[in-house]
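Several structures are given next for inspection.
Each of the two complexes below includes chain A, the first together with chain B, the second together with chain C.
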Partner chain A sequence: MSENTANTKNTKKERLKQIKRFNAKVYRQYTKDKKRKIPVSDYITEMRDADNLLEFDNLQAYFYTDAGTVKAVDGVSFDIPKGKTVGVVGESGCGKSVTSLSVMRLLQGPQGQIAGGQIRYNQESMQRAVDLTKMPMDAMQKIRGKEIAMIFQEPMTSLNPVFTIGDQLSESIKLHFPKMSKQEVKARCIEMMKLVGIARAEGIFDNYPHELSGGMRQRIVIAMALSCDPRLIIADEPTTALDVTIQAQILDLLRELKDKINASIMLITHDLGVVAEMADYVVIMYAGKVVEQGTAKEIFHDPRHPYTIGLLKSRPVLNEDVGRLYSIPGTVPNPIEMPSYCYFKNRCEKCMECCSGEYPATIDVTPTHKVNCWLYAQPSAGSEAGR
Partner chain B sequence: MTDNILEVQNLVKHYPIKAGVFQHVVGHVRAVDGVSFSIRKGQTFGLVGESGCGKTTVGRTLLRLTEPTGGQAFLDGQDIFSMNRSQLRAIRPKLQMIFQDPYSSLNPRMPVGELIGEAVRQHHIVPKDQYQNYILQIMDACGLRRYYIDRYPHEFSGGQRQRICIARALALGPDLIIADEPVSALDVSIQAQIINLLQDLQAERKLTYLFISHDLSVVEYISDEVGVMYLGSLVEKAPTADLYQHPMHPYTRALLSAVPIPDPDIRMNRTVLEGDLPSPANPPKGCKFHTRCPNCMEICKEKAPDFLDYGNGHWTACHLYSQAGENRADTTDHSETDDPSENNLS
Partner chain C sequence: MKQYIIRRILISIFVLFGVSFLLYAIIRMMPGDFISQVTSGNPQITEEMKENLRALYGLDKGIIEGYFSWAKDAIRGDLGTSFVYKQPVTQVIGDRMWVSFALAGTAFVLQLLIAIPLGVLAATKQYSKTDYTIVAVALAGISLPSFFFAAVLKRIFAVELGWFPLQGMVTARADLEGMALFLDMAWHFVLPVTVFVVTSIGGLLRYTRTNMLEVLNADYVRTARAKGVSEGKVIGRHAFRNTLIPIVTMVGGSLPSLFAGAIITEGIFSIDGLGQTALNAIHNGDIPFLMGYNMFIAILTLLGTLIADILYAVVDPRVRYN
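== the complex of A and B ==
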């Protein structure tokens, strides 16, 4: 008995050593790559469709931790068309935030890295398409905050408490438009604050974040994101920390502003109600992979993947009488040792024999509606099981 | 009236604001300002409102976790607020709470069996020789595997932790459970599991819930009666179906219309409330809601409306209805939206 435990202890130690050695190698490579000068030709690419603003192509973002490699995002592909809103939905830990951080290249290194795939961005200002994953940091600085801006989740923590609202708002304007005079920068800030519906903009310019309420702070964060007329706004759970009445105000504001400056929005949320209201296209993520994507109508009226169906059924809806709530059994699998078969298999009601095989490929239901599920793989078997 | 398990009358909780070197009191935060309601045995009373409206404070004062400033609360006819420590201790097993955040409400140094069992031993719920068995039964009832008994909270996910919290409350055999936002920290698919568990336990053990939440759709699903709070007072109280189909108070209407519906075809024309919640330290004069109310009248700025019964147990505090006769023309002017509650007036 004691020998046995000693043995397992040894193998555990051995494993840990292996992981650490592997990670050290990865980290070294990462720092080396960071210092390397990258020629422009390395990151110029072609868009698959000129109408898209952003294309994710098999994006992989991994975290090399001491417990093993966490594949937070593992082969995500979807498009963000110009002037549209794409909603990314999933539960916590499914990799939706990591996807957005990859776009901004803000993953915490050296543990978090983009391990593969492309994020193609249609940089219209320079009439070219670039691969954001390969861009050097100095070129990225010019895009980040100016062409792609982000609204972070918690308005309480994403503002610096020791700087005034004016300082924080003008920072990105000063950085991206160095030729602007002080007065012009201030005028621009106040214009932005008025745009997001802050009445007393001049007064608030010199206030500190703690003097504002949650809804006001979120407006400031939105104003910061909009201050340089971005082409793409990434909103990471913009309303999760807010009350419903404030949420309604912020959502209305976002919708209005999107049309005003003609930008695209990538809206990350776990609230299906918010997505239905805002999004043109919906992407459902589960455990680091996209399981279903389509237009909002297709996803909400004709969901195909059992996970999407479960998600839609498990929320009580206002003024709708339902019997017992549907609940998806079980929990999300451990992210370190992901199985080779469909990740949803152990929680799926419609699990079939072939589900134990390899991970299901992407199947087109309609040209815009894609699903990763064996149910729809063979038309004959699929239609039967799909009922 | 005997079938009411809990009766709360005019509950008041003010927090003093202190200032200066000598910490003298300069004002009060009126967290809860005169709340009255009662819960029938075996039913669920939902309390909804925005953050800062005092709904959590109501729950906490009922357990005497914070001392009330005024008012009365009766659990099975016994006045909770006038009890001394030992009387309170005797009644605690009947009155249990499930806290909001399952990540911070479990002691990380205690194994699951101890977390659930500590209070059972303290209150001598079962004889010593049956103790272990009793804990296992409770764990079974809450959907926890038996071998979890020696594990520590960090080994569990949020949903499992919330199950442990529920088991802990349930182990004392309570009559009334105060559930303070039990599902808001959880994922959607896990929320459904916990809500179902709460309902199953209610049916099995004839439990009564005071369900505090800001999520209107969850409250609609689980409650028999709902109270809506705004700035420390109840503004409306009615049976669930009545409240959701015929909301009377403008605040309730605004709240309901603000909830996003998961259907892309319904992009509703909603009444969006302007502005933020006023400070509870300095609530507006007259009706507290008048600063944001779309149907505000002159009288609202002067006089606070009374909380009155408008039939079928539908209570509300709003001038729109209290002087239905004379101001009738006025009200229809202000509310252009088609409004089912207008039918109630005639």
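== the complex of A and C ==
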């Protein structure tokens, strides 16, 4: 008995050691790659569809932790068409934010890295398509803030406490439009602040972040993201930290601005109401993978994946007498030891025998509607189990 | 801000009174006063003569009475005459203060110039060989006792290699002036300054590194990166300004140590600074000097915290004193 426990202890120790060695190797490779000079030909690529602004193709983003490799994003593929809003939905920890950070190449290295796949970006300003995952940092810095801008979810901590609002707003404008004079930059900042609905823009220009409320700060963060007329706005739960009245205002604002500068939006949220209101396309993520995607209409009116159906069932609906809100049973599997079968199997109400097999392939329900579920593997079974 | 400073200074005066009384009481309670020190081993001195001497030096009064007579003079700026040096205390402190300051000040500037950039470098290259090396050297520095390290340095560089003098501040019997004197003193200061820097660099370095690591993970640093700011500017502007906040408080608080002298290092290198003088004064029961010296440190400490508070408001816009 005691020998047995000692044995398991030893193997556990051995495994941790192995992980450490493996991580050290990965970290070394990471620093080596960082120093390498990357030729332009390495990251030039072709868009699959010229109408898309961004294409995720089998994106993998891993975190190499002391406990093992966490596959936070594991093979995500979807498109963001020009001028459209794509809502990415899923519960906490499903890899939504990591996907968006990968676009900006903001994963905290050397632990967090893009392990594989492509993020193709249609760089119209230079009439080429580039693979963001392979881009060198100096080229990336020209895209960040100017062509792809990000709105973060934490307004209270996203602004630097020691610089004034004006400093922080003008920084990206100065950076991306070096020819602008000081007055022009300031005028642009004030214009942006007015655009996001800040009344006392001139006064706030010289204020520090701590002197503003959360809603105001979120507006500043949005103004900052929009200040260089980006082609793509990544909004990572832009309204989570705000109260409901401000939420509605901010969403209206985003939609208005999007039309004004004709940008695409990647809207990350776990709020289905927000998605229904804003998105043209919806991507449902679960445990680092896309389980279903389609137009907003298809997802809300004809959901296929049991997880999507569960999500839609678990939101409160007005004017309906429900005793207790539905909740999907069980929890997300341990991210370090993901099973080889469907990740949703243990929580699924429609689980079948074949679900214990390999991970389900992507099935096209319509040209735009895709789902990863065994229920729809055979065309005959699809029509029966659809409802 | 002005109001805050005035209030702080007023409070400081009360603190100084309390401190001075406690110090006086403790010093007077030390066994063996100045008279018994100078007369010990001399059989011709009678008890009566000793009593007369005590009255002459003002040691016949009680603690309370003695304190008030000291305080009465001290308020008027007269700290009395040192028993040992037979000179006004202010003059004794004034003479030696600058020696200690030259030593500690040079070491302090070097320490800042080395520790902060290395700390930042280690943080930005976390998990790299550079990081591990810097942290290991810093730890070794913290762990080295100054007397041991000083002895090793003296052995290697003064005795065996003969590059630097063994001790003292100037070359004996060499009548140097001007630049030559300055260079000679600088030559004598190399080893003591090295001891200071190596043994004290680790604390600040690790402090800088920890703070920088924390700041580099902050959301606003990610925001700066997302704006397209270059990595150098992210670290040098956005992150470093925030790292400065805790460092400034730490640096402001080290003002007294710049002037107070270092007893061990000064002793080992026979440098005639305040630290060694103070140790000597304790041995001899030199009450006026000890009181003057301790009050000097007390004032510097209060001043140091005040300066740290003011600097805090300068680097952190969130702090405003009203």
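Remarks
Note that in this section the second predicted complex is superposed on the first by the 382 of 387 C-alpha atoms of A that agree within 3 Å, B and C clash if a C-alpha of one lies under 4 Å from a C-alpha of the other, contacts with A are read in each partner's own complex, and residues count from 1 in each chain.
Going forward, contacts are C-beta pairs under 8 Å (C-beta built on N, C-alpha and C of every residue); 3 or more make two chains touch, one makes a residue touch a chain.
Being a predicted model, the structure only gives us computed values, none of them experimental.
Taken together through their common chain A, the two structures put chain B and chain C side by side without a clash. Shared-chain residue A:142: touches chain C; no touch with chain B. Draw one line from the C-alpha centre of chain A to that of chain B and another to that of chain C; the angle between them is 80°, to the nearest 10.
Contact with neither chain B nor chain C is seen for A:206 once the two complexes are overlaid on the shared chain.
In the superposition on chain A, A:191 makes contact with neither chain B nor chain C.
If you count the residues of chain A touched by chain B and by chain C, you find the higher number for B. Of the two partner chains, chain B is the only one touched by A:274; chain C is not. Of the two partner chains placed around the shared chain by superposition, neither chain B nor chain C is touched by A:358. Closest contact between chain B and chain C, by C-alpha atoms in the overlaid model: 7 Å. No residue of chain A contacts both chain B in one complex and chain C in the other.
On chain C, the positions that touch chain A within their shared complex are 127-128, 217-231, 238, 241-242, 245, 315-318. Looking at the complex, you find that chain A touches chain B at residues 91-92, 213-216, 243-249, 251-252, 270-277, 279, 296-297, 300, 310-312, 314-319, 322, 324-329, 331. Note for the complex: chain A touches chain C at residues 27, 31, 104, 106, 108, 110, 137-138, 141-146, 149-150, 152, 154, 157-164, 171-172, 175-176, 208, 210, 221, 224. Interface residues of chain B, counted against chain A in their complex, comprise 50-51, 157, 159-160, 187-193, 195-196, 199, 214, 216-218, 220-221, 244-245, 254-267, 270, 272-273, 276-277.
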